[in-house]
């Protein structure tokens, strides 16, 4: 099926990727999601710059600056500008003006320590991205390499790798992640390892299946006939043909990693002292009961849209890449 | 022979598209033909030229999305199949028109016993019959040995040839007026192919139904078909009585197909196909759709698509130069 | 059939072994000292040693005779004199090469060795010493070993000499702790010239070469003993037995209600595929699954239980306490399930046998509910069985948020208090159940799918 497709596409001078991209470009929802993802990426990068700058200059970044006087300020768009008029005295007018400008400095309000929720949300994005990227960098290579090796070499190698991933797959996922994170400790490192070392299994299984299919294809036989080495065949010839699996897996993996990080931070495993969305939710949870909802709303909305964008984009990419599912839409 | 009463089914300018409305794949692009009572017609063409879609359209079976019936009429006893009510359509399917598909192992439901699957047709259209006996009778009719025991088999327990016989039994259950056999032998072993074709031919004679035989192999239809319709890229490029079309093809594509038939008796018999591939439906050539592969191509072929031209009564060709062939 | 099951059970063994290995590696090897992790740094070495002793952590890892002991705090004197800090006559000599930093014990003195606590009775130990001793001096370990003769206890002085060596030299000196090791009173005498010590280590001898952490762990498992929680001081097996009921009361309804809803909705989607309704359900499903589980719980609890007061907020007393967690559980899982089953149904819808069924003259409903559903059931049933282990682990968050004393709650508590045994046990049982469920799936597969035969 795919050889045929690739074959035909080559004739018309269009690769599978270009083909998929053109299909994707016509999908308006997917393009919108891509835009959202790019926006979040920009925010995360901005967050990283802010973080680095403050670290470099050794000053407390704004999202850590506590100010008990500004505790629990609601989002500024909720504040009526006429509130200033209540301050009758002239002297207090100035006070009110500074007060208002203070308020405007916190577009999404402040938390229980008077820290700016908006800034913290941006830092949360940064941490979410770090987790998404680092865990992908751990899990995807493991999954790809093991999957390729298992599928390509078969026999003993296959048995061994299948054994490893069945074993990993058997262990209840979240508990496994929690246990790894707990044992490794050390904040984010534990989170990275916990998520990264458990989530490669699905990808490995998929890649293995695809490689097994491709191993018998004529182009691989031809590569053998040319006397190419195993690793060249795997990584230069087979891998590009199964790479769409990696892309699709990544789009599923990334939001899952982000959600898991939130979960871990919420439980107090993971980042310490830095504003992850999970920590924001954890902090905001009890305040919610006192009607202070904005911190909760900020973190959960930010989380929701990135996960949603990734999920929809992942679906669209899969539809665009996987010829078998094309008819489905 | 060419009288109106003899016509069982008439297809007029049928168009079936796939995909979105703005940039559709025109799988069937304006074809017309008729099927006569009790006759065997053949629909021939390379893979992907739209034969199956045409066949499915006859009972409005093209799934709808992604398929779109973009135009034309299909008259069955004066009723347009494409405008029929869903209820009437259900009554017609399996009862008046029935199908045998290409791959019997995929076309039979793997989780139901074959007795059940044959009986289901009877249950739908012939309430009140003794379904079990009738099923056994049908299986005997299509030459399945030991039918009473086979009833309780699952499809995977039968060989490909037997599975196809089950499909045929299912198709014949209600003694249809038209049996559409869509490449009924392509998925089978060569030795079995002849048996199945023979079976179809003998059943056609015995039951007197019309058969639409779809194949990509002109050689198969030689002994069986009364009429042949040659399809290319969603169009019928030549149609006529079998002896005319097979002996004096008036379209270069028919010639190419004939050349592609391996001749076992001739010494000089060589497998000579047609150069190139079927055009990509998203990227159709201008003018005559066959021109990029046509050995007789001239300027006009690239510019203008030929219309149906009558070679003789009941014999049409879609080639500018049919006279010269 | 029997043969097949037997062979599949044999095939399970490597996986179960793998799981045991992973939990072992995770908790015994990677984790550093579980005792430290659990009890923290502020407890006495003796308590840590006890913790290790109960759980076999004070043994060699996989094979071997000698294992670390906390009786004497290992020190290489790189930075300071370590346990010898407070001992008179000992000076720390920092070297420019940090590795050569050492302590110097002045001559003609007897030093009480700073043991953290008396060594365990009836055990063999060995000192590993890296030292320098000039020919003018001599040094030896001396200890009074009590020996009882009938009712009379006498002390016999034992002595291990340290041979002199003017270059850095490493030796090991074995000795035996007696029956009453608190009387051991071990000292180091130095005469003539000072002894310089670069590293000093005390190791305990295991009973035999297989007396290791790994073997201990395996034997414990073989006895169906999953250890003891250090928090509750209860055997873990008992805790699990108590926790599994509440967990199942929560997860089983969630699972079946969710399954029923997901399958019904997915059938609707398949029936009206590509219609407005189908598309709406799909967008809804993706939106549902994009909302974090945490958010469902936190907001659900706040809105429905606290604000509106429709449900109890916390606790596990009557059935009504389960209602809200079940609703939240169902809704939070619905998106994923709906999408999954819709794909399953649609995959079937595009199979060729569906075309045959339509060609027979069947209506859409008949095709869907008879032909498609029966085929889809194969996937559904496998999916049900494979979910069993997850029913057991309960729902970590739901249980801890709503105070349902199940395994999920236990798991979260254990993570918070670093209760190694509990976590290890839950992980292990979950994995074993998963492996068993896999076997069951294969068998059921053969049962519902006539094409599959157990051979």
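Should a chain be cited, it is by its letter among A, B and C, assigned in written order, with residues numbered from 1 in that chain.
What we mean here is this: a residue touches a chain if its C-beta (ideal position, glycine included) is under 8 Å from a C-beta of that chain, and two chains touch if they have at least 3 such contacts.
No experiment lies behind these values; they were computed from the predicted model shown.
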item: Central chain (by mean CA position); value: A
item: Chain of greatest Cα-centre distance to chain C; value: B
item: Approximate Å spacing (C-alpha centroids) for the pair chain A, chain B; value: 52
item: Centre-of-Cα separation between chain C and chain B, whole angstrom; value: 64
item: Centroid spacing, where centroids are CA-atom means, of chain A and chain C in whole angstrom; value: 27
item: For chain C, residues contacting two or more additional chains; value: 274, 350
item: Chain A, residues touching no fewer than two other chains; value: 327
item: Residues of chain B that touch chain C when the two form their complex; value: 56, 59, 61, 63, 65, 86, 90-95, 98-99, 101, 103, 106-112, 120-121, 124-125, 154, 156, 167, 170
item: Complex contact set, residues of chain C against chain A; value: 14-15, 18-19, 21-23, 26-27, 30-31, 37, 274, 286-287, 289-295, 298-299, 302, 306, 346, 350, 389-390, 393, 396-397, 411-412, 415-416, 418, 423-424, 426-427, 430-432, 434-435, 438
item: Contact footprint of chain B on chain C as seen in their complex; value: 273-274, 350-353, 355-363, 371, 374-375, 378, 448-451
item: Complex contacts: residues of chain A adjacent to chain C; value: 163-164, 166-172, 174-176, 178-180, 182-185, 255, 259, 262-263, 266-269, 278, 281, 285, 288-289, 296, 300, 303-304, 307-308, 311-312, 315, 327-329
